[in-house]
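In the two complexes that follow, chain A is the common piece, with chain B as its partner first and chain C second.
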Partner chain A sequence: MAFDILEPGLSTTVQDQGRIGYYRFGIPQGGSMDQYSATLANRLVGNTAREAVLECTYIGPKLVTTSDAVIAVTGAPVDVFVNGELVPEYERLELLAGDELKFGVIKGGTKYFIAVHGGIDVPEVLGSRSTYPIGAIGGVEGRALAAGDLVPVGAAIDNGLPVLQSIEVDDRPAFSKDVTVRVMLGLYDHLLSHAGLDSLLNSEWILTPVADRMGLRYSGPGVEWKEREQPFGAGQDPSNIVDAGYAVGSIQIPGGTQPIILHRDAVSGGGYAMVATVISADMDLVARCSPGTKTHFVAVTMEQALAARRANTVQAARIWS
Partner chain B sequence: MAWNHADQSDESELMSHQIISPLPGIFYRKPGPGKEPYVNEGDMISAGQTIGLVEIMKQFSEVRAEFDGVLEKFEIDDFGVVNPGDVIAITS
Partner chain C sequence: MTQQTTARYTWGGDEFLFVEIAEGMSLEANFISNSIANALEARGLAGIVDICPANASLLVRFHPDLLPWQDLERAVRALEEEVRASTEKVLDTRIIEIPVWYNDPYTNETGARFREGYHQRPEGNDLDYAAEVNGLANAEEFIKRHHESPWLVSMVGFVAGLPFLFQLVEREKQLEVPKYLSPRTDTPALTVGYGGCFSCIYSVQGAGGYQMFGVAAAPIFDPSQALDDFSDFMIFFKPGDIVKFKPIDETEYRRIRAEVDAGTFRYRQAPIAFDLGEALADPDGYKLSLLEALNGI
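For the complex of A and B:
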């Protein structure tokens, strides 16, 4: 059983919960950029949260299923068509062998997800099926889908299909063009001047089109750094530090002009000061933002960050109950 | 990518088509700096012909016409920002 890819879309990749445990070797965690949306799709088709899905970016694939398949599409709002007929998103769909799935123009957000009962069954690499194109590992031959690919679908899962047919509107993620992203300051916020820190936290930052699985770049007023003599081993720009590990979600501001949030496929270290880090609970939110989104960064404490993570876990548990 | 939609909102313009961007990003009318535009207003175009590029995620995607006709008007300037569903050009 497989999906026959007629058109691949802009950048359709196999993703799952990520490749955890190899970051110290420079292998990023990867995985679905919007984990919550991906898990909703898996939930609808009777998978566990672990099964791999197809992550579609702006333009989805056109594909034909070679066997009967149970699928669901979740994430960014988009028209879904089966054999040219409009069908609902956030709902379980039963395809027959030979049925064609395609998509309209995306109406917000950036990514939508296709889950299939049995999961996308590419080989695991370092414990994950996630595609990491820069490292050419995971997914289909370590790359985004191409026309002519036959993407394997796994065998049926014993527990069958859930009673749940569709996701309630209240449980669906929002796709706003105006968001507040919670961050924890550090590790290098002390390099910003008072005015620089004020600018980071109290300005409006606009997401530019320079945004992908590695990072998202924002335009805004820029920030100001304290004057200091650069230490040995750091570059000459005040945004440079002696190389250090990058936490997932780190915000760096090369040259002090355009902040970049490092996301799931980002490098694991480098020489830019990380002035703040997006809390894990808001990484899906960042991934849902499309270019032009007005973004405010608000600083929270570790306790608040952990409470937000617990709230997300409770919401996810509600979906699986 | 070719996402033309027949514009049937006005009977008299039944033959006009919109070329829609399926992507957000930056729209370019030229294949590169110092190059001639792919097409100018008033030019004849044929189905499948590239009329510009949209840059997103370090990728350049060609915007193509789906029908033969005349490119009447660009609705987005060179280097302009587009969102999915925006009309890039009108053809007749």
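For the complex of A and C:
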């Protein structure tokens, strides 16, 4: 069975939990940008959290299923249509062979997810089905979907469908235009002046439209660096370092003007100083932000970051119980 | 030389430990980073997700639920101490010949599209600029300096399989070239680039900020794994590899491309033991002994 793609949407890619363990070779982790939303969709259709889904960006695909299929759509708020009829998000939907799925205009956030019972069944590359367009691996031929693609769907999963029919409102993620993102200072934060650090943590930063799976760029007052003699090989700008590995979620501020949060498809290293890192528990929150979102960065300790991580684990366990 | 006696340990959120061996680039710092990375890999600690040695630093991704962060830091600090105390400064690696068509039309055409607002010097090409800022007579002189001494792969990353290369010459002979003022949105695949004190080979087409000097003839990233050199893995380079660039002309470039297309191309390479002490003590003499390994095949 398969999804016949009539219209591909703006940038629809196959994603899963990511390609872990190849960062040392420059291959990013990839995976659904909003892991929690993708998990909710997988849960509704009776998959495990590991099955691959379709990640839609702003404009989703128009597709026809070639066989009966059990699907769910989660993530950013959007109107979902089956054969032209409005159907709910965050609910299990049963499609018949020949049914057409399409989407209306997105009402917040940037990404929503389509899960199907059995999962999107493209071949695994280096342990993952996630699409890495720059390296042309994973997904459908290593690229975003195109019209005419037949996207394979996996065989039915033994454990059948869960009792759970829909996700309760309290368990759905929020899509706010005003967020506080928890970060841990570190890496090269000592290169910022006192005023620069103060600006990072106490300014309002606005997410610009320059935001994708690689990174999200923010506008605001900028930051100031300490004056120093640049080390050998680092480059001339005070925001330059000797090229190093980039932590996923780290914030760099090239030239001191616009902070960039590196996300799941980011380059694995480079020569810009990272001054803080979004904690793992807030990476989905960042992924849910749409351009124009007012963002504050608040510094937390490692203990607080780990407590937030545990809280997320507890919430995920609730969904799967 | 401002070699720090101990590394700086810091955290990239709750999943990444960052270890800065030294602020500045040096062969010693790179050797320490790679040695710690190898030793950490050998320890096989549960909860280590990825070990990414870089030019003068090391990034370790870990699973904080499986490996408490304090335990990880303790383990890496112990390994750092061992590595610094060790007198064993030999790396079993290989030397590889990389054929490059310098001053080729592909990178020149791309360079010409990104001048105003991107580049320091609108007239001439990137090689002319690199020669000028290094006080060399002309592009030919720069090309000669670029290929006559071998390079160490000091880091792999940025995008899939891209090697950063550090030339094995005395500090005062190191070439340094500023990056583009603003990154290009396009770079031909296999472009030989240069930024700061590093050369690189762009493994895939895409954005880039390094100056462009030429194009390598054969792939270094091959997801189809069609060539024998990729039968084990789609990525060719590993940190610690030694590279000798070989200048080629268009005829030789076309011949190699045809071999690549036919699936018969193999890189010329030979195993070597890279001795850091000898490389630092007598770079010129050591360079010749490295190149002998290639000449023997």
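The rule we apply is simple: the second predicted complex is superposed on the first by the 321 of 321 C-alpha atoms of A that agree within 3 Å, B and C clash if a C-alpha of one lies under 4 Å from a C-alpha of the other, contacts with A are read in each partner's own complex, and residues count from 1 in each chain.
FYI, a residue touches a chain if its C-beta (ideal position, glycine included) is under 8 Å from a C-beta of that chain, and two chains touch if they have at least 3 such contacts.
Please read all numbers here as calculations on a predicted model, not as lab measurements.
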Item to check | In the superposition, chain B vs chain C on chain A residues touched | outcome: C
Checklist entry - In the superposed arrangement, does A:Pro291 touch chain B (first), chain C (second), both or neither? => result first
Next on the checklist: In the overlaid three-chain picture, which partner chain does A:Ile106 touch, first (chain B) or second (chain C), both, or neither?
Outcome noted: first
Next on the checklist: Just checking: does A:Thr57 make contact with chain B only, chain C only, both, or neither of them? Give me first, second, both or neither.
Outcome noted: first
Next on the checklist: For A:Thr65, using the defined touch cut-off, is the partner it touches chain B, chain C, both, or neither? Pick first, second, both or neither.
Outcome noted: neither
Next on the checklist: With both complexes superposed on chain A, which partner does A:Ser11 reach: first (chain B), second (chain C), both or neither?
Outcome noted: first
Next on the checklist: On the A-aligned overlay, A:Ser37 touches which partner chain: chain B = first, chain C = second, or both, or neither?
Outcome noted: neither
Next on the checklist: Looking at the complex, which residues from chain A come into contact with chain B?
Outcome noted: 10-11, 57-59, 105-107, 209-212, 290-292
Item to check | chain C partner contacts - residues on chain A that touch it in the complex | outcome: 20-27, 125, 132, 134-137, 142, 183-184, 186-187, 231-236, 240-250, 267-271, 274, 277-281, 302, 305-306, 309, 313
Next on the checklist: Under the stated contact criterion, what part of chain B meets chain A in this complex?
Outcome noted: 1, 3, 20, 22-26, 55-59, 61, 81, 83-85
Item to check | Residues of chain C defined as touching chain A within the complex | outcome: 2, 10-16, 18, 20, 22-26, 49-59, 61, 64-65, 69, 155-162, 164, 171, 176, 178-179, 195-198, 203-204, 206, 221, 223, 234-235
